[in-house]
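What follows is a short report on a single structure.
Chain naming follows the written order as A, B, C, D, E and F, and within any one chain the residues start at number 1.
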Amino acid sequence: MKLAVFVSDYRNTVETLERLKPEKLGIILVGNGVYHATVKEKGNASPLLEKSADFYALSEDLETRGLSSSHVNSKVKVVNYGDVVDLLFNNYEKTAWL
Amino acid sequence: MATTKLGFIVQRPPYKSENPKLALTHAIASQSVEIYLKDGDLVTADVAFVGDGVLNCLKNQKAMDIYALSSTESHLKNCLLLDLNVYVCKEDLGKLGLSENDIVMDAEEFGADMKVNVVPFDEISKMMEGMNHLLFF
Amino acid sequence: MGKLTIGCFSSLVGSMNLDFAVKLSAAALEKGHTVDLWVSGNATMLSIKDQRAFKDYSSLEKPLKELMGKGLTVTACEACAEARGYHKDNTMEGFKRHSMDWYLASAFDADRVLHIGGE
Amino acid sequence: MGKLTIGCFSSLVGSMNLDFAVKLSAAALEKGHTVDLWVSGNATMLSIKDQRAFKDYSSLEKPLKELMGKGLTVTACEACAEARGYHKDNTMEGFKRHSMDWYLASAFDADRVLHIGGE
Amino acid sequence: MKLAVFVSDYRNTVETLERLKPEKLGIILVGNGVYHATVKEKGNASPLLEKSADFYALSEDLETRGLSSSHVNSKVKVVNYGDVVDLLFNNYEKTAWL
Amino acid sequence: MATTKLGFIVQRPPYKSENPKLALTHAIASQSVEIYLKDGDLVTADVAFVGDGVLNCLKNQKAMDIYALSSTESHLKNCLLLDLNVYVCKEDLGKLGLSENDIVMDAEEFGADMKVNVVPFDEISKMMEGMNHLLFF
């Protein structure tokens, strides 16, 4: 399946994401999930970004938190709400908000 | 005539939020959805408990006695009574030191035929593949 | 053009989950899609009328009414609302209330379902 | 005998945090202590009257009224309530509403303060 | 200081508890925090119980979740709401709900 | 004539719940609490950001532009304007790869004299020892 997973928290405590192995995986960082795109904890990028997936971060939620697009990890594409709608309809079939 | 299959995945323990309970009450609502649909159209709901979500299935929850609140145990039994497919992840039970003896496996006292399926996560993955939409709680 | 069903559950008002749901609905309507928004659990707080708009709190009544004008269907879980003391007479105009099967019926012919559960 | 001030903030209705606060208040009153209960953020949901008592949802109106009869003082943050559309006319009888400084004033002469924040 | 810390979640993500070093520490497990008292994950008791502290678990919250007192770790004393009130007033000066 | 000291400890990031913001608005309310107290009696509020709570202090938060919501940045500046002691944990900033350049350090534009104190956790511990009551958000 083609699955778009929304990650909305920085300290995610559900392990489900580790176990999902869809044929195509997109991870959309929204809300406090956007910290995964920018924060370098102890110098390292978020382990989440090591997954084999396409990564997106919501620009509105980056800016709300004072996070600049220039600090976003190069693996992550910055998108807006309209882009998220297109991703859902065009690139993925199912969604999961974890 | 069409059927839409919904997969309800419960990943969190009970009582911290209403989420797990709302998962079950919404899944049960698949039994009355036809009033909104054309004849022959259907919505089915399969329920899977994974991760800490398996804690929803523990027996002997006393939420009603103590907090005057219906337990997730009772909702789980309702799911069985209404013939929903219910899956519990075997690995996650084991990881938390639990076995089939600790959880609700049937609702025979209400005359339910359905039983809880304790299955490896792989089977829950396959269930998810077969659904039209997924709802993670 | 497709149909998107969004369900928002048990999320804190004060989290941005409801704000997210409303903004995503706006973006989808803008692109010509149909949107059904279902709120259940604590998210039924969205349905109550006369929420005072302070800048320190999320205030969604105004954007929501604009979106309803553009065709958004928004429905609250009736039992979840009643349990919280939200009755028909203090529900925002245009906000529907139904039992939980409404959400499943909306998902029946939806092209995409985004269920916002979590905490 | 002492004074206990409990603050319950932003907690989900549906979490058991409010249930906890009410039961702890009951236990403290039972032992002869004075209890002030302050609710802010989403916990102001506790203050609204005519919440229907379904067994699927925490229903605290009845125990709360009993405790008020036994001397519990319970106060909601006025701004947090107004922002949610909870006005004076749909507030439970006996439930006070004040600005945030009331909580700090209650803490002033409290022997113990239990602040239930978190999520 | 004499500090009573309430732990109300099983997957606690704040690190504050690790860093508090009061002269006397009590950890009161309530809500989903009571799982720390009973669950043996991969055969091990919760790492929380390794802390140097007095541990309590609320009986009402154990029973609500279907957890039997007989499964409570021997380090943890089972208490009721009334006992919690006495602990607060008699054994500790300050509280922290984490 | 007595003073009660309250310590507000913010451990969580903003916007996931109202908690961090309510911490600041309640701390600010210490400025108006005397209407409930006898002459000379006082309540003081010190605020400390620890763990992921330091993320509340980032500059250039656009919550108002995007979500029509006042930012924790603006509330932090109000705290400084009202002469509250504000501490930010140095180790936690460093751990998240942040420095004093990334966070609000003063509110000079409003004429505030107070500045944010970036200090080791040990100093925040000492602050907590000196308080009458602690409020963790």
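Rule of thumb we're sticking to: a residue touches a chain if its C-beta (ideal position, glycine included) is under 8 Å from a C-beta of that chain, and two chains touch if they have at least 3 such contacts.
This one's a predicted model, so the numbers in the text were calculated from it and none came from an experiment.
Using the average of C-alpha coordinates as each chain's centre, A ends up farthest from chain D. In terms of C-beta pairs in contact, the better-connected of the chain pairs E-F and A-C is A-C. Interface note: chain C and chain D, two copies of one sequence, contact each other through mostly matching residue numbers (shared numbers exceed half of all numbers used). Superposition angle, chain B onto chain F, using Cα atoms only: 180 degrees, a multiple of 5 between 0 and 180. Taking the mean Cα position of each chain as its centre, E sits at the greatest distance from chain C. Here the spacing of chain D and chain E, counted between their Cα centres, is 23 Å.
Centre-to-centre separation of chain A and chain D, using mean CA positions: 38 Å.
Chain centres here are Cα averages; for chain C and chain F they lie 33 Å apart. The set of chain F residues that touch two or more partner chains comprises 12, 15-19, 25, 52, 67, 132-134, 136. Along chain A, residues 9, 11, 31, 60, 64, 94-95, 97-98 each make contact with two or more other chains. Contact of a single residue of chain C with at least two other chains is seen at positions 10, 12-16, 41-42, 56-57, 59, 80, 112-113, 115, 117-119.
Every residue of chain B that touches chain C in the complex is listed here, in rising order: 2, 4, 6, 12, 16-19, 22-23, 25-26, 28-30, 32-33, 35-37, 41, 43, 45, 132-137. Only residues 1, 3, 14-16, 19-21, 94-98 of chain E touch chain F when the two sit together in their complex.
Interface of chain B with chain E (complex): residues 13-16, 52, 55, 58-63, 65-67, 71, 73, 95-97. By the touch criterion stated above, chain C contacts chain A in their complex at residues 2, 4, 15-17, 20, 23-24, 26-28, 30-31, 33, 111-118.
Residues 9-11, 31-32, 35, 39-43, 60, 63-68 of chain E touch chain B in their complex.
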